[in-house]
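Same chain, two partners: subunit A is paired with subunit B first, then with subunit C.
Take a look at the complex of A and B:
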């Protein structure tokens, strides 16, 4: 279709990844120079733009570009690079977000105190993610995956002065290593005894017996990276610890690479699914969605709140994937295409609005030095542009029309409503429950973002830092506004996104949704116009007309009599900012409902003794039940074992020799006995 | 290869194993050194016989190196060191002689059990030679871990290396370069260890390795 021809798109993409890899050592040299970090981020933004363009061409071209085989490679496998529709779609998604985040970082990174700890790893991180999407064989996939993990680990550990960040980096490293290990096993099972590690060979190998194990391993490996409960533990620790533009990439982009890994393994490589495969995915996804948003509601740290919302959104994406598995296994191709389109659409949307929200929180953090919402407030006056962009992100993530979050969640619900067509009764029973969970989570997410936006930007400043905040720099503002605009566009024109995903559906399912762009009035019709349709542009138009009409009516017919009165005089004539509604009080009703079970929440009221003039105290005690139930015992076990093994550090030379000899003799005995 | 040829080869390799046991049995330093020299001489004979059997002239050089270095030079040098350090009296064994011998016999049995099935496809000569060599090696290791004196540990190490050479020559095809470099590395190891012996002695007034452990602050009571 294009003059370039699909044949050198793979070379171009590989060249861009190579350029990013080259940029890392260069960045070490120039990071401390005056414009060093800006130049590096700018180069990253350019490379991401180029990659996004290449991916777009690859996605739109009628035949996928030919893969290239590199001369360099690992001893056991060939290195094959190239985009197929699935890889191209994800590459487009992540590079759009990455380009804008890098643009933001040009401005934001200039304030970094120690840029040399962040800048060199940033291009390597992007290169790793792109390598995962570009690879056509398991080895380069895993190399890219590890590159991504280690570079992001270094970024999480960049501010290693605080013990909290060091702990976050350690937890992240352990989880990332475990995840990569399970993926390694999954690929090993897929390759089978013949050991063909190219994706094409895996696709043709029959591995029916190992397929369920592959599913479980993929769910653990990709799920630990994406943040599925209970493997999400690292996410709320690591995402806030990194600098904000890196948090945006990790939360908005890297988790998507994990979703890609899951789709690649389960939908593409593992062969035709059985119906029960969808059950673990749906159950885990439903729990993830609900717990993610509940944790987020209890959180008053802006970045941690956003990280927990990433957990929730990954749950939504996996609900779509689980539905697609269920429908595909039962031969309901159209419904499967709808579910998968919804999931990948949500991937796209989440990459936009979560990046936007993290960038906004970064702007707030830089302006005030605060992440705690209880010490923010009133920033809409000091930072109007950031507030506007953040509001757009909040609306989008709360799934309110006309922004993009609504469309993908609506599509997911449409897929859920098709579940009565399923022949098996177990998913017919589970899917509606998951749907109810999703609805509940969507409402709670909206609550949570009312809290996040309201406590941060509305009301009056709760600290002097917030009162003296300054609007962020121009680069950052432009990047955030562009992301907000993309959120709106994807919500108003969803048909184009759904049509662009059609090649992916054809590749994975052999079916696609009806063509949307031919529908009149920009509306989308996922199944049948008699059943359901949504028109984002119409909703936008209605909102605009209703708002204009309201404004007009208020201006025209409301009383013009002016009355001046003290501000905030609702019973508090000289109210201090501390008398405002706080994030904690906002979350209290939800905490009352869910807290007792999920968080073992306790409220302690300490009344002063009669005659004591001290204040009464209300203390809230929350437990991270999952951490205490699953992770803490493992940590205690490891501690106990290491304490015993530690003795080995202090043996005499002769005892070490004895150990070596005993091991040798033991092995010889085993050899002798088994022969 | 006539039956007599392989019988002689077995005799020589078997003698090495016997001398290894003799090494384990010694509780005097000078006797230990003498038996080590004997060990090396038997090795030289064995390698020489292999050279004759395999028509491999370079193995004669190997035999010569073994005889010169390990049969003469190292024992003499160790002898002088022992005299200068005045430690010829006793060899302090961690495990007493009797149990050590029993363990040694068990190790030999293990070596045979392991080696014979593994090398079932090889010629009868290679099989038993490898079993002997592994036994010698394991006995050398056993000596290293049951003796506390640094000199006897050196001897254990050297007899272990003799076992390696025996295995290598039996397997037909150890290049001379490898042999020479192994010989040199042994020599270097000997020099370094010798120097350390004096250093240890200067510092601690003893070559009992327990003193070293104490200096690390980790002597955990009696090691005997």
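Take a look at the complex of A and C:
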């Protein structure tokens, strides 16, 4: 308490959240003024910077800052706010991304057609997310959670003119409500009969019997928000429907708050785990990882593709969490710390590169009005800065060195390689399969981002909109470049990130990884150096030196002559950009290899008869098998029931009175019979 | 320490110097097996020299990515190759990158090259990129599964440690190792665009994969890509030699004599592996493109099986 005294960190953080909440009604007043949206976004960026700084100080301070208690909340309850290391780490992660996204929005938001539908909800959305991380009791956690859900729902519905967006908003609202409800039950079980809703009281309450149920509820509640298969259905609908800077926040940041909710409940509050807890998490995570990336590969809408990749990355994060549960239950503290570090590191990485990619897609959308990759192309010439930043994001998300996505996957692989130490044989069978899934997903993600970058930015423009695109504004460019730089830095200096996460490991597991900053040459050593080590800085340095040496040699000895000429066309000159490979044709081999099983993909070829000059047609049939198997029956059932119940709306007053009386009589009979 | 740095520097130069020779050897052996005389062994060097002296012809709408990709591809492949022990283990930079990093560096090179294939916007580039990435979606996990098997076996993902373990008394014949070896060989064939997956000598556009992707390249850019392909072949053969036939390799801190022995045995290993590769290539016909996923799927399943066997059989320490 004394350490945090002079800093008032909890008070500062709560003040920032309050400021954001205050900003929402203010924004209603100024949203339509000139610079109104820019001012609001700027204020949000500043608040996020301040929150990130506070969170960093809270994370680095030797003892967590004292919490503050407010006399509002449930009857006889109080609201407790403050950062512990877990909350601080996540607050740092989400506010870094949020600050940069808000900076981007200063420029991007100025183009909005109806700013008054977006700007007021934006600060409330950020405030909700931060309140979740700041809360130390279930009540304020759920209030923040609902704030986050409803504000983002309003943002998804902001462009309500299109039926597609309205449907997305409806699906999102249903999923968000269901998720919040399960979390409410989970907290109810954790609080137990004594009803202590503070996290500290829950931690001390013994609830061994209910713990498995809490795990399942947390997996459903947090998983539906994060996008675990099969609860992912709303993500690819809702994330692209929102304005692009909001998409970046929803995909890159809000899913991380959901991951935080899962970690908080399962690792912190639910007590010591049993070994089998890891099984549902690992299985669901493995399926999520693979299906997410396969769905993304079949997608030609840039923003939907990115949303499906969020599903994949959430799977990777939960693989780390599942491994951590398995190790912790078996008392393998170091391995558990490694898995959990890998998972939270991936949370950080994904918040950076997914925000970056959504911002890039927003820049493309604004410049061309297109999200469909089949109508883009050649933008690297028209939008060089966006292309460069987007390329960095693509390399990072494809888990390629020397960028950051690789480091967290490498750490996850190292954790998988430790799992033969597990005493139970079931996880020892499942973990290698999960490892293979992760390896497949990494390679498929690389393929998918070759497609995404290649079809959007390379080649020749497939539409006039793409051919006449203009580079995005300066604010947006700077924000994207900063995010790209952070992706590179986190990949080159991973040791600092791992060290910063050490207090979280101590809090949750009582163990930590070896100190990385004392290692020579900035390398990271998760267990010991004879086993494995990675040095991102050195790898980047070597590649740079090798490339520079090659360039020097080429410059010295090679011919400098360079001639521009038409591309090789086999003697059949055809200027039409339609002859290029498209996103569909690029993904065709993948569809043929994987799609038959997963999507029941069929190709129908219609060839004109010989002599007929009509075009040949190739039609591809894909099924969203999960939607058809799980969601469609429920929707049909609800439709059927409501169609029947709908009759009740058109009765005469006589019949209504009869209904009321008979209901009353029925209830009285029941009461009488049970007495 | 000084020895380690010297070995490392020597190796950096060595992989570059030897790679075209290895390509020359495989071509020569293949030609002799087909009862042709074949090009001289030094032909790949001469080709590279000729290419870098030639003018570069770039398609009109090529972007900066097209012109920088060859350097990125070459540099990543070179760095990866320099990290695989050839004649001696205990490389100074070995601690910077383990086997997973080496696989991922090759992934970076492939990513850049596939993008470059799409840059000009012709169908050949697209078909090449698309198919190359499709092969990679199965070859890379198969490779990683083989890496997992080796790492679990040796208790380390560092190549020097794995090689040392294989030389030590604890390594023996093991079914998982055999599975990993087969998986690794299949991946090596696919990743180096060899028959039956791809044909490095074909000039019929629709049958090429790797060559279609780099069709637009010429001059010094093509030289870099060709050199990178040679270095990659050398890398895979060195990797197989380093892990599965580790005998003779000089260990860390060995004397000059041991280094010389290591060098001689390395040359012999390369010759044998190159010969076997050519023999295999002449004995088999090229597959249709959509048979390749099945071929690579075998590698993935073998790698996974090897890993699972080790997971199940290893008692917790």
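Keep in mind that, in the parts below, the second predicted complex is superposed on the first by the 653 of 675 C-alpha atoms of A that agree within 3 Å, B and C clash if a C-alpha of one lies under 4 Å from a C-alpha of the other, contacts with A are read in each partner's own complex, and residues count from 1 in each chain.
What we mean here is this: a contact is a pair of C-beta atoms (placed from the backbone, for glycine too) under 8 Å apart; a residue touches a chain by one contact, two chains touch by 3 or more.
Fair warning: this is a prediction, and the values are worked out from it, not measured in the lab.
Student: Should the superposition on subunit A be reported as showing a clash between subunit B and subunit C, or a fit?
Tutor: fit
Student: Applying the touch criterion given at the start, work out whether A:177 contacts subunit B, subunit C, both or neither, answering first, second, both or neither.
Tutor: neither
Student: Answer with first, second, both or neither: which of subunit B and subunit C does A:406 touch in the superposed model?
Tutor: second
Student: For A:274, decide between first (touching subunit B), second (touching subunit C), both and neither.
Tutor: The answer is neither, since A:274 touches no partner chain.
Student: For A:463 in the superposed arrangement: first (subunit B), second (subunit C), both or neither?
Tutor: A:463 contacts neither subunit B nor subunit C.
Student: If you stack the two complexes on chain A, which partner ends up touching A:116: first (subunit B), second (subunit C), both, or neither?
Tutor: neither
Student: With subunit A at the apex, figure out the C-alpha centre angle toward subunit B and subunit C and round it to a multiple of 10 degrees.
Tutor: Superposed on A, the angle at subunit A reads 150 degrees.
Student: Where does A:652 make contact in the superposed view: on subunit B (first), on subunit C (second), on both, or on neither?
Tutor: first
Student: With both structures superposed, pick whichever of subunit B and subunit C touches the larger number of subunit A residues.
Tutor: C
Student: Once both complexes sit on top of each other, what is the least C-alpha distance from subunit B to subunit C, rounded to whole angstrom?
Tutor: 64
Student: Okay, in this complex, where on subunit A does subunit C touch?
Tutor: 377-378, 380-381, 384, 391, 395, 398-401, 406, 410, 413-414, 416-417, 419-423, 425, 428-429, 431-433, 435-436, 439-440, 442-444, 446-447, 449-450, 453-455, 458-460, 521, 523, 529-535, 538-539, 542-544, 546-547, 550-551, 554, 557-559, 561-570, 577, 579-581, 585-590, 592-593
Student: In their complex, what parts of subunit C are in touch with subunit A?
Tutor: Contact set of subunit C toward subunit A: 52-61, 63-65, 71-72, 74-76, 78-79, 82, 93, 95-98, 100-101, 104-105, 107-108, 110-111, 114-115, 118-127, 129-131, 133-134, 136-141, 144-145, 148, 151-152, 155-158, 161, 205, 215-216, 219-220, 223-224, 289-290, 293, 300, 303-304, 307-308, 310-312, 314, 316-317.
Student: Where on subunit B is subunit A touching in the complex?
Tutor: Listed in rising order, the residues are 94, 107, 110-111, 113-114, 117-118, 138, 141-142, 144-145, 148, 209-210, 212-213, 216, 218, 223.
Student: Residue numbers of subunit A touching subunit B in their complex, please.
Tutor: 650, 652-654, 657-658, 661, 664-665, 668-669, 671-672, 675
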